[in-house]
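Here it is, the structure, as structure tokens.
Just so it is clear, A, B, C, D, E, F, G, H, I, J, K and L label the chains in written order, and each chain counts residues from 1 on its own.
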Amino acid sequence: MKKILVINGPNLNLLGTREPDKYGDDTLENIKTMLQEKAQKLDTELEFFQSNSEGELIDKIQSAKNQFDGILINPAAYTHTSVAIRDALSAVNIPTVEIHLSNIHAREEFRHKSYTAAVCIGQICGFGKYSYIYGLTALVTHFNQ
Amino acid sequence: MKKILVINGPNLNLLGTREPDKYGDDTLENIKTMLQEKAQKLDTELEFFQSNSEGELIDKIQSAKNQFDGILINPAAYTHTSVAIRDALSAVNIPTVEIHLSNIHAREEFRHKSYTAAVCIGQICGFGKYSYIYGLTALVTHFNQ
Amino acid sequence: MKKILVINGPNLNLLGTREPDKYGDDTLENIKTMLQEKAQKLDTELEFFQSNSEGELIDKIQSAKNQFDGILINPAAYTHTSVAIRDALSAVNIPTVEIHLSNIHAREEFRHKSYTAAVCIGQICGFGKYSYIYGLTALVTHFNQ
Amino acid sequence: MKKILVINGPNLNLLGTREPDKYGDDTLENIKTMLQEKAQKLDTELEFFQSNSEGELIDKIQSAKNQFDGILINPAAYTHTSVAIRDALSAVNIPTVEIHLSNIHAREEFRHKSYTAAVCIGQICGFGKYSYIYGLTALVTHFNQ
Amino acid sequence: MKKILVINGPNLNLLGTREPDKYGDDTLENIKTMLQEKAQKLDTELEFFQSNSEGELIDKIQSAKNQFDGILINPAAYTHTSVAIRDALSAVNIPTVEIHLSNIHAREEFRHKSYTAAVCIGQICGFGKYSYIYGLTALVTHFNQ
Amino acid sequence: MKKILVINGPNLNLLGTREPDKYGDDTLENIKTMLQEKAQKLDTELEFFQSNSEGELIDKIQSAKNQFDGILINPAAYTHTSVAIRDALSAVNIPTVEIHLSNIHAREEFRHKSYTAAVCIGQICGFGKYSYIYGLTALVTHFNQ
Amino acid sequence: MKKILVINGPNLNLLGTREPDKYGDDTLENIKTMLQEKAQKLDTELEFFQSNSEGELIDKIQSAKNQFDGILINPAAYTHTSVAIRDALSAVNIPTVEIHLSNIHAREEFRHKSYTAAVCIGQICGFGKYSYIYGLTALVTHFNQ
Amino acid sequence: MKKILVINGPNLNLLGTREPDKYGDDTLENIKTMLQEKAQKLDTELEFFQSNSEGELIDKIQSAKNQFDGILINPAAYTHTSVAIRDALSAVNIPTVEIHLSNIHAREEFRHKSYTAAVCIGQICGFGKYSYIYGLTALVTHFNQ
Amino acid sequence: MKKILVINGPNLNLLGTREPDKYGDDTLENIKTMLQEKAQKLDTELEFFQSNSEGELIDKIQSAKNQFDGILINPAAYTHTSVAIRDALSAVNIPTVEIHLSNIHAREEFRHKSYTAAVCIGQICGFGKYSYIYGLTALVTHFNQ
Amino acid sequence: MKKILVINGPNLNLLGTREPDKYGDDTLENIKTMLQEKAQKLDTELEFFQSNSEGELIDKIQSAKNQFDGILINPAAYTHTSVAIRDALSAVNIPTVEIHLSNIHAREEFRHKSYTAAVCIGQICGFGKYSYIYGLTALVTHFNQ
Amino acid sequence: MKKILVINGPNLNLLGTREPDKYGDDTLENIKTMLQEKAQKLDTELEFFQSNSEGELIDKIQSAKNQFDGILINPAAYTHTSVAIRDALSAVNIPTVEIHLSNIHAREEFRHKSYTAAVCIGQICGFGKYSYIYGLTALVTHFNQ
Amino acid sequence: MKKILVINGPNLNLLGTREPDKYGDDTLENIKTMLQEKAQKLDTELEFFQSNSEGELIDKIQSAKNQFDGILINPAAYTHTSVAIRDALSAVNIPTVEIHLSNIHAREEFRHKSYTAAVCIGQICGFGKYSYIYGLTALVTHFNQ
């Protein structure tokens, strides 16, 4: 059974309670529940992690080494500013999929650039909570290739 | 039963026969077969279209109005240069998902920018043929929301 | 009697039926009718052409040589990306007026630049269908100078 | 009867006497006469104003409020540098058309950008004195829409 | 008793009568009254000046030398384009505070840059008419340091 | 009685003890005392928070929801690099004022840009410790509008 | 006997009849005759193709696979804007030489950049019709290395 | 006897009384006296003009036509921002020399660019009041060539 | 005996175990041992600190005041993005040397810029673990100057 | 009999002995021998010159005046940085062809720009030693036109 | 008696014999003679130096230390590319005036920037051979201040 | 015994006698003596070379092939402008260390970029004469790895 670490970046703990027009109605808890169900079907085990701290996110990514088979990450705002998270992902070298709730290409110019996507398998954005589902599916499919 | 138009941009007809390290081993025909199977499960009808011509791609997008419920598009190289395809997608206003076989963020600088993604629901890139599967799933899920 | 070729670029065939807030309510057919009336008053003969294909637009521009006295062109999205249409206009060297339905200066940054306007007599933008009328008038006036 | 304020920016008082290859042979007085005739036909009343001073141009634009139904403006060099005139046009919120004698897209790079066009209905450039005629026509047509 | 010159740049004479969503309901006259009251409490004397002309604003700034102890300036649109006003402020070398009614950082990109702020004590923006109050307070406090 | 959270970003804990020519002589403790006095007069309750960690600052901003009526923030160096703090402020949607001790427009080019100011009511910079006083006053005034 | 596909991009069909100062007096037909003679001497077989359509050019490039030993291409205006033609050349992976009649480095800034040259063996520009001769020679020499 | 118009831009009326380290000790009056003496030796007549207003400077430049044989201009801050003064100089087409008291290349980046120098004979900067002397000499020498 | 704080930024805790081609085989522990030996010879005392958190790095830098005579810092990814660490170094004003294991000039463009180096004595990059040795030597030499 | 000066820029003396994957196996001596043979067939006389010094290259170019009918130049690295060599070529005004061994468009961004090509007849790059042959042929053909 | 070193950069040895429309008819020898006459009147001694080599120019500048009281330099093309000549001028710290025959502001964009002017007293450009006269006069005047 | 070539770029021959605040008090001769001592301890032989000429520096670098085991280079101003020196270092492929006396990151923007560092092992800057010592040590250590 594959183990996947689901990492959520800054402000994602606020999901569902605010700005639903941008990020959808679901809370991170809802997404977790939904994703757990999906994981069960895919015979996969998940661990969830959320932090607003760039350093803690890096700590967690590093700790994934030998503990997890894949990473599903929504780096949120750090996507656009963090070379350090990119380096962490690059260093642990675990298959990673980057996801975003909103369509970053339809927002401010500074959200179009991703430091982290270049060291991931791929990127999925714009499908709200379903970005997580598709990202999880993509990771599991990747293991089976 | 929802009808989805699957549009493939320039050079995608060459898939599988060349540069497999970049785009995978599967031909567009394989992807079609695989996607048809998935569509059947999702109770969806697909039509495939591929063209190397920006104009024909626009013609096809326009023709989708009232004929299709969604568009799954891999604009390939035109992603980065075509304002006209962007305008076509914007004009027909049909739910659209943009997909890419390769991870465009891990390639040349000029492939990081997408003119078209901004008028789509979202973008999926980097998962080879599976980008199509996830894109199709995303569209169908979108219809059911 | 002067002959003028009226060229319409990508997505203009959709006029009137969609995004009326951006491009007005009139269809290209309406514009044609209105413009024909104006042409008659100006003792001018018109031929209409619309294509979504950059190549066909170039073919048509080239064919204007020795057949037409002037060109009225709305290159639409190709305004901002097509060096090839610019070169075609420059090569046939027929008096040309560039028109736009919408005010391109009030839209996205990438629509402010025109590759084609530099090889035209002038540019008219922002007056909806009337941009065509003024463009036609400008061409005819140009012939009489 | 509609009243239109015709505003001419810096150096336009020199029209006709110098650099005729760039701006045509007509003096501003000629243009005025020609435009008055056109206005009469369109059952419109005109007031002319020219100044080399950014501040006086702003003063005049402001004074148009409740006095004029439309503004026809050739901001000349201030087109490319004046946020203040843009703000004035935006503040009085009177239908305005921007015109240029020469084709600004065929001149120096710094003349391609317009601060003012974005707050106008549209822009007409490249037709010499006739840019004024078309601009006036466009304004009157706008009132009748 | 300290004397402060309150300088208002282009279009600020229109305050209160137009675009209240951007600049608030108060007229410049209201602001003057309100500011006079505040000045009285701060034992300070004010002189108001408004002009749409860059040159007149510079003349006024220059005349402040030996006449005023401080300048409270809202350069409006000239903030972003006037090296000359910057040089005037720099030349008279009187303590100056720059204020803006609206939050310039939340508007167009070209309004984020300030030529003038660099030669002032500080900048206050976004608080509508209260920007003037805070600016006045800041100047008076500065005198007492 | 309104409650306001006063947030101080990286290195502000060093205030008063170092680089007094840039940031003034007062310690953060002095500022706190001074601000408390002001708050008392304004019938307002304050809570102070300082952290060098982007993540902790975000945590604190998030915790303000339903606990505080306003935020007074000096994001210091994070002003120029943190999309994540911007997103946090945007998410909690509490009236916020951004302040800076020094005049950021008179320093290095990279300090002229603010990611955070765009989601605040306004910004005050350059008045040393008094920037806090004016920021607090601005917040309280905002509540009373 | 080697087979070489000679591809001519947009507006090259107009060669010789217009703008001879920029592109020389020879027609594409003349160039063809001249190049055929050269090909005979080099024991090489040529096929000519010209299109104004980016899509048709891509179609033709793709069709060269297994049919031709080399490609001699003058992408004309598409040189500077077409990622799609670059991708087609890259995909078929046939030895290709890029040629230009005029010296692109001595023309407008936007003609200095070539998307296509990077995937060719080399580039030859500025020698009018002889650019074709040198390009053909270069290809044949390449085969013999 | 040649007549030369000496035009001084914004803030130059303050010369000598402020910022002597940047602009020297001499007042504009001193420079005038010194320049008059030099003019007498060169058998030349001078007229002096200073204004802080861009518009008045343009008015004066325009009035020089048929009245003056040459212009000696120190556009000060407008050097870097005024397309309108450039156009005025270009329109009157009188031999003009641009001068600056300070060395503009040794100051802020935005002072390195000159809109006006391109339409002058030449530019002299960095020699304090002597820049005027050399500029006058250059003009007179130009007449004798 | 001088005391030096050795600060290691994000992901340096992973040293030696991963990506040895980029960063060398040695672990941070090895480097520590090697550096301790060197320190002993230089009659210097070291303290090591590593964190993935920008905030903790700033906390540590601040705590160095009055505790350490020098700082040896490898800010890793934060080199290129952290104004806050720059400000911390600038604030504590302790002699600091910046080091990098890899040659940042031979890597991605975004790694060529250093926010932090400008407030250090100097920078050493590209010598793997020996960058630490040279950095330590440089600091000690600096003390003896 | 035409005389042609063959100029080789910096580091070309090392040809053949190093980095053969980038520049080919042939030494400059080999190229000379091969080119001499070709020259004999073309009834042309050659003189070879190589220098690593920008100044000596300029001296040589200048000396070509009245001594040579054409110049074949491989400016190597100076292509991208030398305005002075461009000016020398422009000054002597002898027909010149620029050549490069490698395909400069397929290398680092800073090698895409050529200061010198703009003042040559044309440019040939990417064909190794044969670039010299084609360049020589191009020059001789140019003489015969 | 003051001694002045007159330094001429690349291609200035060709003066007068070529491109007289750009640089005038006079040879460098003529300029020398003319300048010597002027020097005599100014009781100054001149030494002339011209080189096409950046290195020799630097050598000469360095040798001026303690030998010359001033430098008159026309760095020609090196003006725009040589940090090394800038550093040499900065190092010897002798009063220097930069001159140009042509008006560099009226030529190509890349000639508008001067690396060297920033470390000179001032710059004079556009007056042909007279630029030297004015430059010499400026230096001598500088000595007498 | 390893042989190392120590190369010094433009203006370094002036060391110690001028601008000591920027480059230190020591002459190049002092540095040589100091470095010789260090070399002796490291059982290494040094050869010194200084030139102000880019070409001579390239000649020297080339001559190092088979003569030297390493290069210690301070390219001074050429660091920022010389692609040719970069190519020379790349061609000879001898282990090289780049050094700078001053901290280039704390100086003008144009000194932050290094063309040469990318082809060296590493770069050391900011430690005055000691940069040479550390660079030498780094080279010798490199040999022993």
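As a convention for this text, a residue touches a chain if its C-beta (ideal position, glycine included) is under 8 Å from a C-beta of that chain, and two chains touch if they have at least 3 such contacts.
Owing to the predicted nature of the structure, the values given are computational and were not obtained by experimental measurement.
Path length between subunit C and subunit K in the touching-chain graph (shortest route): 3.
Looking at subunit D and subunit K, the chains in contact with each of them are H. For the pair subunit J and subunit K, the distance between C-alpha centroids works out to 31 Å. The geometric centre of subunit F is 47 Å away from that of subunit L, both derived from CA atoms. For the pair subunit F and subunit J, the distance between C-alpha centroids works out to 63 Å. Shared contact sites, meaning residues of subunit D that touch two or more other chains, fall at 53-56, 81. Applying the touch criterion to all chain pairs gives A-B, A-F, A-I, B-C, B-G, C-D, C-G, D-E, D-H, E-F, E-H, F-I, G-J, H-K, I-L, J-K, J-L, K-L. Only residues 9-11, 13-14, 18-19, 51-56, 76-78, 80-81, 110-111 of subunit D touch subunit H when the two sit together in their complex. By the touch criterion stated above, subunit K contacts subunit L in their complex at residues 53-56, 58-59, 62, 81-84, 86-88, 90-93, 115.
Taken in their complex, subunit E has these residues touching subunit F: 97, 103, 105-106, 112-114, 117-127, 130-131, 134, 137-138, 141-142.
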